[in-house]
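Chains here go by letter, A, B and C, matching the order in which they are written, and residues are numbered from 1 within each.
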Amino acid sequence: MSGTLFLVQVLNGLQLGVLLFLIAAGLTLVFGVMDFINLAHGVQYMLGAYLAVAFYGVVGNFLAALILALLAALAFGLLLEFLIFRHLYERDHLDQVIATFGIILFLNHAVRVIWGAAPLTLPVPDFFTGTVVLMDGQLYPVWRLVIIASGLVVAASLYGLVSFTRIGMLVRAGATNARMVSALGVNIERLFMIVFGFGTMLAGFAGIMIAPIISVEPGMGDNILILAFVVIVIGGIGSIRGAFLAALLIGLVDTLGRSFSIDILRLMMGPSPARMAGPAIASMLIYVLMAIVLYVRPAGLFPTRGR
Amino acid sequence: MPEPVLRLEGLRKNFGSLVVTDDITLDVMPGEMHAIIGPNGAGKTTLINQISGLIPPDEGKILFAGADVTALPPEARALRGLSRSFQISSILPGFPVLENVALAVQAREGSSLRFFGRAADETALNAPAMTALEQTGIADRAHVRAGELSHGEKRALELAIALAMKPTLLLLDEPMAGIGREETERQVELLLRLKGQLTMILVEHDMAAVFALADRISVLIRGRVLITGMPDEVRADPQVVAAYLGAQME
Amino acid sequence: MSGAPLAAPGKPRALRPTRDVVLPILMFLVFALLPLFALLTAKQYLLDIGARMMVFAVAAVALDLLVGYAGLISFGHAAFVGLGAYAVGILSAHGVDDALISLPVAIVVSMLFAWLTGVVCLRTKGAYFIMITLAFGQMVYFIATSLAPYGGDNGLTIAARNTIVGWPLLKSDRAFYYFTLLCLLATYLFCRALVVSRFGRVLRGTRENATRMATIGFDARRFQLFAYVIAGGLGGFSGFLLANLTEFVSPAYMSWQQSGELIVMVILGGVGTLDGAIIGSAAYLLAEEWLSGFTENWKVIFGPILVLIVLFARGGLIGIASRLWRRSGHA
């Protein structure tokens, strides 16, 4: 285990964390403000990636593809909100779970029908290809650094938006007590739509940014959705700050855990059992972390609910 | 001097910067009907919630039948004999009226970890439940779905559930809230019959009922107990009249 | 949903003959006669589908206990099924293949997992509960995928079905079918008894008004934990059956998608009815069989159907049937 390897994995952990934040932010807001469990958030991430690939095939330019894909993802998300989700805000969580689960099934297989089951790729934009030299000649992909940077920029802008603008105040108030906000005369329907649309765009943006690195395939949103849930549950539903901290924490713990679990275990047991137990413990790590946090704080680290 | 059934020592509760319970010290003696009155927002329901265990106080102690129950959850207090009725009827609307009360009996009648046998048919639970329903005058509605009762009947069911627990201390949170003249008279009659058999704390706005029933009255203003005394004392106290009773007695 | 509506004010709740007695008898009769039908029509695969329906029905009935009666939306139920299945698989891989050992182990392991995770999960409420059950399910899934000696991602084939006290009684598909039918019947009867028992009443009451139940003297969490452990054990039972049915165990048995499908089965039939769980499992697997005949991507059709059911057909198939029954003039 070397210092540079450690640094690489820390950066990877940050990248995963930033990605998780982009997805979790929308999820926690929708959850916090509208009390709406949106399992379909993961497929919105997937859709962003697919749309980026599709538009890139047409326009051949990453930036253009990104903008078009974002707009298309937003449009689709708003369509879903208008047709389906809007009718579920007043329903109980079970109904929301089933309905959004149905949307996951639909979209996971719809992309299969439209684009086929084979994984697709998106090339890294020319300006950001290549690698950067870290210490000791260790190379690190530029694009991953771009992801980290863009994620941090979005986080900062989101924080600014939520803390310092009027709409941000409404969102924060809505996360604490939506009924009260509505009773005060705010057009709650429009607020919901804005929150939802924003969340959709964030998820889509995450999908677009990650597309050059991973393979775009049906079901890619499923596992990351679960991680995002772990993030918002640990961070506290409705809290952007909580989502940010928890996302970075999960990203780091998961990445470092997977990379070094075998090495750490080798300090305590023989190489063979370590190699067997390592991956198992690594995959369990974040769930154990979540269990511990929820045991001590059943409403997450930064609970917002005043209801 | 007999031991008080309930002793509150220095109870304090804040919601943020709002002081809702401000250093309340109070004794409730066995067999007494102790009324707590005060204007809206004085903190009466919050006080009841702290006594029954739904809200933890920030400071202070609650001693019930000599034991410190401050840290105990509501179910533990209930099993020790602390029963309450809610200001806004808190019943099981999907269950028949009889089962609502039978459940209260079930809590202290043998184990509930029985996985077989139809609970709804158990005489050991239904008979005492029926008695409570007869006491509160809604025995004829025993098999109706509780959600279909009228408002007044629901208040009676509230009381029946609380009585079925055979409590040592009964907390009544505005039992007359929203019911008509006739039903109020019936409730007062019932409570008069129960007086002496159990200890009761009555939170109420209906002053006629309070003065008909109470042995002692505590007046709560802005989270503090202004005065505790016999009804006549309290009625005549100038501070109380100024702060609360003056308007009430118009 | 706490049970039947009342017959009439002033009268004690009567058994609704059609719903409470006829429907279950009909269901089990259909299952009992299916092998005969399969024989007569020479469609042996019906035996396999029927057995699958019943195996999942065991898990779904247990889940309905949680979702429909305790009000606990568990999105990690497949974990118990998977644990039960893997108990059978792992024991078999080590040469232990008698049901006398495998079945109790399967159930105990699932109950243990349910107890350990339940203690944590039940500290949370509402949406937090849903997500923490989901996450624990994932945890088990990932552990299973990393079990290299037991097949990891690819799963593990089992040499043969469990023997019962040494005798290969489950070898024949028909024998196994009837064995599964008995298991489902036992599970169903147990749960029917449970929901009207003292325990079941507390559970239902807690779902309706937890505050009231607390002030009466019932510790909600204690009862919910019991329910969670019971449901977990029954899930393990279903896993035992599943492993024997397919003679194969795989991490896919405990994926969250599988947990989702179990919830769908419960909803499809009608949540909070127990019968609905059985009907829902059958309907879901039938739909899968039928629709996948048209296209591999049948979920493109099924997904929107689910959304429509949630929006317009609450109460699932039993709800729809009840409404039609009432509208046609029956009480």
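Definition applied: contacts are C-beta pairs under 8 Å (C-beta built on N, C-alpha and C of every residue); 3 or more make two chains touch, one makes a residue touch a chain.
On a predicted model such as this, the values are computed, not experimentally measured, just so you know.
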For chain C, the least number of touch steps when starting out from chain A: 1
Most widely separated chain from chain B, with each centre as the mean of CA atoms: A
Central chain (distance from its CA mean to the mean of all protein CA atoms): C
Chain A-chain C separation of Cα centroids, rounded to whole Å: 31
Separation of chain A from chain B, taking each centre as the mean of its C-alpha atoms, in whole Å: 49
Rounded Å distance between chain B and chain C, as computed from the means of their C-alpha atoms: 43
Contact set on chain C toward chain A in their complex: 67, 73, 75, 117, 120, 123-128, 130-132, 134-136, 138-139, 142-143, 145-149, 256-257, 260, 263-264, 267, 271, 297-300, 302-307, 309-311, 314
Complex interface listing, chain B residues touching chain C: 52-54, 73-76, 78-79, 83-84, 86, 90-96, 99, 103-104, 106-108, 111-120, 122, 140-141, 143-145, 148, 161, 165
Chain A - residues contacting chain C, complex: 31, 35, 37, 84, 87-88, 91, 93-95, 97-99, 101-110, 112-113, 222, 226, 229-230, 232-233, 237, 276, 279-280, 283-284, 287-288, 290-291, 294-295, 298-300
Chain C residues within the chain B interface of the complex: 1-3, 5-6, 9-13, 190, 193-194, 196-202, 204-205, 208-209, 211-220, 223, 226
